[in-house]
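Next up: the structures, one after another.
Next come two complexes, and both contain chain A; in the first it sits with chain B, in the second with chain C.
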Partner chain A sequence: MVYRVVFALFIISKAGGLIYNREFHAGLSKLEANDYLIVAGTFHGIHAITKQLCPAAAAPTPPAITTPSLAPSPFPSRPSGLEVLETQNFRMQCFQTQTGVKFLLFTEPHQPNVDTMMRRIYELYADYVMKNPFYTVEMPIRCEKFDRGLDGFVKVRS
Partner chain B sequence: MILYSFYIFDRHTECIYSRKWNTRPISSSTKSARPQSGVSITSNGDVAPATRKALSKEDDAKLIFGLVFSLRNMAQKLGGEDDSFLCYRTGEYKLHYYETPTRLKFVMLTDHGAKTQRSALHQIWALLYVEYVVKNPLSPVEHPGGIGVANVMFEQGLDAFVERVVLPT
Partner chain C sequence: MAATPGLRYPSNKKTIYDRNLNRSKNAELSRAAFAYLFVEMISYAQKRVKGIADLERRLNQQGYPLGLRLLDLLLTRASPPSLRPTRILPLLQFIAQTLWRHLFSRPADALEKSESDPAQYMLYDNDPLPNTYISLPKEMSQLNCAAFVAGVIEGVCDGAGFPTTGVSAHSVGEQEGGGGVEGRMWPGKTVFLICFRGEVLEREEVLGRGGSG
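Up next is the complex of A and B:
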């Protein structure tokens, strides 16, 4: 069994607010609640800038999209923005959903299979958060089943 | 590997050297290489690139500095004081970062599949910058506006280094 360490999971709403913050293993510095909000907000801005800096032309745009339309394009070919951030002590994978919610997963620097883990977390989010009738979008996530699902998933794996 | 650009920033947040290679290769019919779309605010909350003009060279450098600075702070906040930011990758490109103890920042943009170029950046600093810029008796100690950095030896050395070391990997 490969030893895996997942440090933490952040979920950032499309407005840049931190709506979920969970630590699984110690490894990242402990911050105050306000600082986490600041980090999330900063990252939201960074993500937008990394999209703009794209030095190469993004994948060719289908001609239909170039005509003005009010509906959001279903085939986005715009730059993806930051996906993986590597530092000496951790690796951060960012996954942005079609609706602009960002999942940040902090792991060990050489963690394999973060993509599959991310997909599974997204499934849990869809099942236990989005399908929860008492959850208001853009609000902090307080769903016990989501917490337990994550616990089971991450602990079984690590 | 495709190399897009290379920047040096000094400790006063100023861009003292920048160099671009094959950026914005073939733009499709329109002038701007960015995808055009009529939607101004997309579902992601982004401002669509269509509304934005292409950035000038200086603006690009400022944006990169701000970005690298925030990422460095973020890495230190979360990973502890001794942590340092190494690189990030998007779907289109990868940014490599190296900071010297004197807070000189070296940044390189390559295509997203490239291996980490941190050692290459370190070599550029040690073999080229120190040799041809720091040890140059005619160059000032600080380089406001990039004076003394873009000398012939440094530029030739950089070209040769890129040809020999960076591109073949």
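Up next is the complex of A and C:
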């Protein structure tokens, strides 16, 4: 397959800083280190604003009525910001965790199963970054096992 | 009457001491829960330490009481209930098999006797559970958080009457044979160095003579 390529992964902290930037396959043009930070910060801002653009919920349902077993997610009406950005040559998918960390995955436009891949990356992050005693939250991620896990997963798949 | 409900005095008056010792024999614990708890234990141990050796010593101290207690618990649970090991080899077997199975649901990967020092024994684990999620920063590459498990081993040895001059954990995955096949397959391979005291060896010799003569 020619077009099953994952280009890169960014992780943006909840304050909008770029804490992880990893390129898996060459394809994206290189930017200067500073520009990556600007991209991350800008996206963080746009994400926050688009979140406010979200149509207001029809009527705030009291929590007593909503049955948790029926709800597809614990926060069904939670407004979400910009999630997908697509150009002719790449597609950027954003996934935000409950705590506000954002994962940006740059892929080919026709890459299938980006959602599952995102879940798996989130799992790796939860395991090898959050359970690592030597990682300080909001700081750049330098965890060997996380890198290795991503290699084993993303590179093998694409 | 005055006792408030809590961990030590639950409302139904059943303390942990009232429960059957075999109750949690086959119980499994969440690996994630342990991982998060271990994160906190390391952060706690990291406060006011002077260096990596100091940090390992503290982790060792956290594991020590666990070993003392586990020795008794596992011996009571053994069927038929067994006595404390009195010789070095049965003790090491107990650690590598019974203790390891209880803690990690699998036996240790290898047990060796040092060729240079008769007091030294090596216990290998290819992938110690406490290190599963830990990536060491570069400036701490000497650290091995399995020092906690080393503390457990030390507690078991001490509790059984085999005082040691120390049990320590060392990573061998990287340097072994210049990163050979073994090293690449098990990057987290760890050796626990168990160093018995002189009096243990003396007793072992006496017991050995008694057994043969």
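Descriptive notes on the structure:
In this text, the second predicted complex is superposed on the first by the 132 of 158 C-alpha atoms of A that agree within 3 Å, B and C clash if a C-alpha of one lies under 4 Å from a C-alpha of the other, contacts with A are read in each partner's own complex, and residues count from 1 in each chain.
The rule is short, and it goes like this: a residue touches a chain if its C-beta (ideal position, glycine included) is under 8 Å from a C-beta of that chain, and two chains touch if they have at least 3 such contacts.
Just so we're clear, the structure is a prediction, and the values are computed from it rather than from any experiment.
When both complexes are overlaid on chain A, the residue A:134 reaches chain C alone and has no touch with chain B.
In the superposed pair of complexes, A:144 makes contact with chain C only, with no contact to chain B.
In the superposed pair of complexes, A:49 makes contact with chain B only, with no contact to chain C.
In the superposition on chain A, A:14 makes contact with chain B only, while chain C stays out of contact range. In the superposition on chain A, contact of A:98 is made with chain B only, not with chain C.
More residues of chain A lie in contact with B than with the other chain of the pair chain B and chain C.
Listed in rising order, the residues of chain A touching chain C in the complex are 127-128, 131-135, 142-146. Of all residues in chain A, only 14-15, 28-29, 31, 35, 39, 42-43, 45-46, 48-58, 60-61, 65-73, 76-90, 96, 98-100, 106 touch chain B in the complex they form. Listing the residues of chain C that touch chain A in their complex gives 32, 35-36, 38-39, 42-43, 46, 133-137, 140, 145. Here chain B touches chain A in the complex through residues 2, 4-5, 23-28, 33-39, 42-46, 48-49, 52, 55, 60, 63-64, 66-67, 70-71, 73-75, 77-80, 82-93, 95, 109, 111, 116, going by the rule given at the top.
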